[in-house]
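Two complexes follow with chain A in common, the first pairing it with chain B and the second with chain C.
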Partner chain A sequence: MRSVRTRGLVVATTGAALALTLVGCSSDGDDNSSDGDSPAASADCADYTQYGDLKGKSISVYTSIVEPEAKQQTDSYKPFEECTGATIKYEGSREFEAQLPVRLKAGNPPDIAYVPQPGFLKSMVADYPNVVVPAPQETVDNAKKYYSEEWVNYGSVDGKLYATPLGANVKSFVWYSPQAFEDNGYTVPKTWDDLTTLTAKIAADHPDAKPWCAGIESGDATGWPATDWLEDVVLRTAGPDVYDQWVNHEIPFNDPQILTALQAVGSILKNPADVNGGLGEVASIATTPWNEAGNPILDGACFLHRAANFYQANWDEDVKVQEAPTDNGVYAFYLPGKSESDKPLLGGGEFVTGFSDRPEVAAFRTFLASPQWANEKAKVTGQGWFSANSGFDSSLLKSPIDQLSFKLLTDPSYTFRFDGSDQMPGAVGADAFWKQMTAWIGEDQADQTTLDNIEKAWPAS
Partner chain B sequence: MDWLLHADTTGHKLALMVVAILLFVAVMSVLLFGVDRIKRAPTWLVVTGFLGPTLLFLAFGLVYPGLNTIRLSLFDAKSRNFVGADNYVTAFTDPQFQIVLRNTVLWVVLVPLCATAIGLVYAVLIDRARFESFAKTLIFLPMAISLVGASIIWKFVYEYKPNQGNIQQIGLANQLLVWLGFEPQQFLLHQPWNTLFLIVVMIWIQAGFAMTVISAAVKAIPDDIVEAARLDGLHGLGMFRYITVPSIRPALVVVLTTIAMATLKVFDVVRTMTGGNFKTSVVAYEFYTQSFRAENAGLGAALAVILFVLVIPIVVYNVRQLRLAEEVR
Partner chain C sequence: MTVIPPTDLLDSQVGDSRKESKLSRADKRAIAVKGRLSSPWASALAIVIALLWTIPTLGLLVTSFRPRSDIRRSGWWTAWQDPNFSFDNYTEVLFGSSTKLSTYFINSLVITLPAVVIPISLALLAAYAFAWIDFKGRNILFVAVFALQVVPIQVTMIPLLTQYNRSGVSGTFWVIWLSHSIFALPLAIYLLHNFMKQIPRELVEAARVDGAGHVKIFFRVLLPLLTPAIASFAIFQFLWVWNDLLVALVFGAPDTAPLTVRVAELAGTRGSQWHLLSAGAFVAMVVPLIVFLALQRYFVRGLLAGSVKG
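Take a look at the complex of A and B:
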């Protein structure tokens, strides 16, 4: 009896070990090779001769952009692939931020990664100085020519350009129903005070509804929409200079000026009279999925929802995104500043980071930094994307919100600031900040405690 | 070589799979054939042949990473400077991590006990009943659902909508509450109750496993013992207490410890349902968060070591009970 049992155990253990090994070997990303069957965007190959003949060469791209946006990405590479002969191996992963450092550590980096967080880029350059390859000269030339200095700086570490901007987004928007505004005689607020007055007016006019709806649930990234709220308000109550000091940790995270901003956010998000239309009490913000939070606007259960330009992809297909009032229509207005002349703008983007100096990789990086690519991308994209490239032809954008975003981003009267949590170290920007803001709303954690806890999580070095 | 490493089309991948299976069969047949042919192989050769690969796998895939984790737990976030026991001090004194430890204790105590109790009662009740196999299938089915799948199902069960105007409930649990005239509840928001609602999911999954093993053990109780007990006047609860439970004690121990170990590793349920928010995190989830999200390799490793230390007594107990059971035999 004993020997039989022992042998059974060994077999089981070996089997389990084998199974584990096999699982470890299976690939975890969807390996989208780009030779799909979608209609290729036709292109004049004359523009592509500068990249040389790259026949038989392949370039691997690792990103956090997954379906359906992944297809728009791969489609936009088609002309490059057809004209140069190179193959782009595109791999999108929802676990990008956790997996990329693992791949770097294991000595198995992709050729190119699209990093959405300048803070993450900075820590990669610090931790793997020999693995991250600075942008080649032609890419630098393109970046300097087509991007504003601040965008070049987001992709630079210690004055050296490592990553060029890919896409861009604008977060300082409030979604609303133009029809509901017209029916009730509301106008789009021009200042922060107008906005608070409007909020109070809606609350008084509609006892069955709430002025705002909000949701910050996003799987293991729950809390990020709340960090955007705080960043937007810091820009408005404390100004862009304090914002920069705060993001770079030149003032502590729990500085009194930040506390003021958090209290201002709380005066809306934690005020039972102002939230959470059609979704529940204040705490329900923490459990409402961010991509569904705006829906009550269409039912008239709430009137305002602060979200980025890319939120438009989350509306149902029959919802019309347009400024003119219409049934089942939505649009977004700029989240106003303190005064009409005070126009801070919060946004974000991705950055093309290279881990190989092979010529085909360099050529592709140069291509991605060119207006040529940005325009190709706009042609194959329905909505929710635009570029900060100055050579970008915004008339190619199909969505009015994307056009508005591009207009605001390129309008010099607006002061652009990059998403703060994306610039902070990962321990804060992708963990403590999210978690503590979630606790602030979901568990009614005090303002001061919330900021103190995030300050405590800031890495020592 | 390139053909073996990069498969792009489905056909290519399938072909690679066939190649891999053939290779496995070839290696195994050479091994087995060789064992048969060599009649007088020295013992050491046989031992190395059979144990060697396993030992290599264990050393490379288990022992080395294990030791490395213990080493990393004594270093700082970037694994550069030695910090001694600082990470362990943080893990045990920081209020945030004390809650993580409290939750882990709740899980490890409640899930094995409840799942085993439910499995035991169910197995005894349906034993030799008319619809036994159907009843068994019912409770065993959740075992076939992955933890993530089960978590998503239960997230819908707990789904909350406010009781206002014409808003309809989506979640089963809240709809029941509303029908009974209560207010809908945010099940996953208020600690410590939210942890209990997560534990229910794990019990739902594990009870089927407990029931299957215990039911087999109940069936293996020799009829003569049962008959003798009956002649001595035992039935009902007495039979359960003095005959059934003592007879299946080894099975109970295996079930309890197996579920306890599975529970210590619970990650999927917490990640899928709350993402560790609202004070529901457990050690197995927190060590992932610290290592890969917060980029604090030291603290993450320390939490992993704590988890490892927590498992040891359960494994020791399990092995000792197996030995005792064998000695009796």
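Take a look at the complex of A and C:
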């Protein structure tokens, strides 16, 4: 996934004004990301005795999760802190991916870091083998008990478990307006062909609108939503096995099967009849911020927007996220596979990586891998988060999209695959892949050239 | 910042006192320039440029009071048609974090004040030595200090952080003050040295003849003359440290995070809170603005400090 990262301050440099010291009125909360209830302060400490007495101990946590989501994280640790006596020192930074290697190199790693990319974890284990601490036995037990084998594997390097999953997200979603679908008599497509038919139908019915809207601008990470598109379609046209080979570079990046997938993406994203509803020509996809691209759905200028479950935070405060048709309402359906039984699912997540073997750090890692923590976290989360933990009680989730995501993720008929660009080496997954996909859309670069260029960027070793 | 060579103006001063009736060439030129600058056309142009430069700031100010859906749907210049202003963004910026904004504000002040005072104090002493004390290897040393300016601070980050970790001081304010001082010193020494050099030699020598030592010369003769130069460098250093994000991120810890760190994170993990950025920018801007407005007369004088009179 690679969330938005802005290096440096975009803002703070302009020049003049006064109007400050505002002690403002009431805030009706920032959009959907309400803090939720505080955790039950008097949580039953019986469940926490296994972690022992950690009075006076402190554990530092370094993550890419910042306010307001950071508040939900720290709230979810409160029962642990109250029952064991440990203090969690939480630090979130949007510069996490740049700063963590600096800290490792300079010799002051945090005790724990939440790494959102398995590829990054792999390169850290390779570069700093003595700094990254493998998961302690109790943590491994929890991980094996509560997580599916594939999730355990994403946190393992060479068969050794280094990092346990924290949160999860699902990206194979298409946001739409249930009201607009009802008004026009459209139904949610069940197969890829249905989706293509629906696209053509919308284009024919609505000469003023376009079926799809999309945007891939994301600061210096511009292009990542397009990589998700390609990954999702590779899973559908070539299948999960080819996808794995492709991600692990067992087949070249510019394999003919990948070319077919890119052409399929292009048949939507580069087709002037299908995009870019309410936003402009095809090239406008490259310059539209990814977190605003779905908005034309509300104006009726577009009908479909492919984005992850965490896109929910980007809708305006007054937008209702629900399946039942309503004015100003949105919901998401699963991006269908080739057939109704073919159900690949693209997603991502963060992984708890340890850099210290102190007992309190080990205890906290074990806690984070337990359903206990996942449930505490769900209680304080408004939307945009769920866990892949099998002991997780999804009824605690407040957002219907998060509940749907959890349902799909734990449904054995869906084949889950982790975001490919997050597993590839940084030179590809966080650089060439983004840039070439941006050129592919923004400059109308040819399909073959695009894939060839990314293949060239793959590190030799 | 360039240093204006004093010779021309000093000569003209001498010329003036001798023949007051005749204008020197420099004076004539000054009058001509004044005439050209105060023509109505030039004033109009200046006003137009000032307006153009203020428009983005004005837009930012208007935007900071608008709700997210309005910012997204229409430009700030259309805001007057359907006024919908509120302090919500500011409330969120000031009180929306689990850490109080006041903490970040105080951190910023705690970082900035010593990070301005320390390099200026040290640089003044060093500049005095380079300018007025004749010691062996002075020129080579001065060139070495001067050359340090070309070292980009980015390459020093990891080695410095490693050293701090070894000595066990990392994560405190000490390392941030120290780092800012290290990065500021070469330029500070160079600038203050040049200012000091422009003070007429006769002045220093006269003081020496009267029996003043280095300490007395420094405090009684040079320091009063240098005030504008010190003030202008202080403004530079203040703005640099106040707006700094890199040093605070690399060497800092959560306990020492200044305002810039908070502003950089305002947009949220996935950027969904971008509408808070304009309000955050204004909060971060107040103090530098006050400092600049309060010290601006020194700033202008400091830039013209080359014309120090004997």
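We adopt the following convention: the second predicted complex is superposed on the first by the 419 of 461 C-alpha atoms of A that agree within 3 Å, B and C clash if a C-alpha of one lies under 4 Å from a C-alpha of the other, contacts with A are read in each partner's own complex, and residues count from 1 in each chain.
Assume contacts are C-beta pairs under 8 Å (C-beta built on N, C-alpha and C of every residue); 3 or more make two chains touch, one makes a residue touch a chain.
This structure is a prediction, so every number in the text was calculated from the model and none was measured.
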item: A:D318 touches, of chain B and chain C: first, second, both or neither?; value: second
item: If touched residues of chain A are counted for chain B and for chain C, the larger one; value: C
item: Touching partner for A:S413 - first (chain B), second (chain C), both, neither; value: neither
item: First, second, both or neither for A:R94, with chain B first and chain C second; value: second
item: Partner chain in contact with A:T222 - chain B first, chain C second, else both or neither; value: first
item: A:G107 touches, of chain B and chain C: first, second, both or neither?; value: second
item: Set intersection of chain A contacts, chain C complex versus chain B complex; value: 10, 13-14, 17, 20-21, 31, 33, 102, 219
item: Residues of chain A defined as touching chain B within the complex; value: 1-2, 5, 10, 13-14, 17, 20-21, 31, 33, 97-98, 101-102, 123, 127, 208, 219-223, 278-281, 283-284, 286-287, 301, 425-427, 430-432, 435, 438-439, 442-443, 453, 457, 459, 461
item: Contact footprint of chain A on chain C as seen in their complex; value: 53-54, 56-58, 60-61, 68-69, 72, 86-88, 90-92, 94-98, 157-158, 161-162, 164-166, 170-171, 243, 245-246, 249-250, 253-254, 260-261, 263-274, 276-278, 280-286, 289
item: Chain B residues within the chain A interface of the complex; value: 8, 53-54, 57-58, 61, 77-78, 96, 160-162, 164-165, 167, 186, 188-189, 191, 271, 275-279, 289, 292-296, 326, 329
item: Residues of chain A that touch chain C when the two form their complex; value: 3-4, 6, 8-28, 30-31, 33, 64-71, 74, 89-95, 99, 102-103, 105-108, 218-219, 289, 291-292, 295, 310, 313-314, 316-318, 384
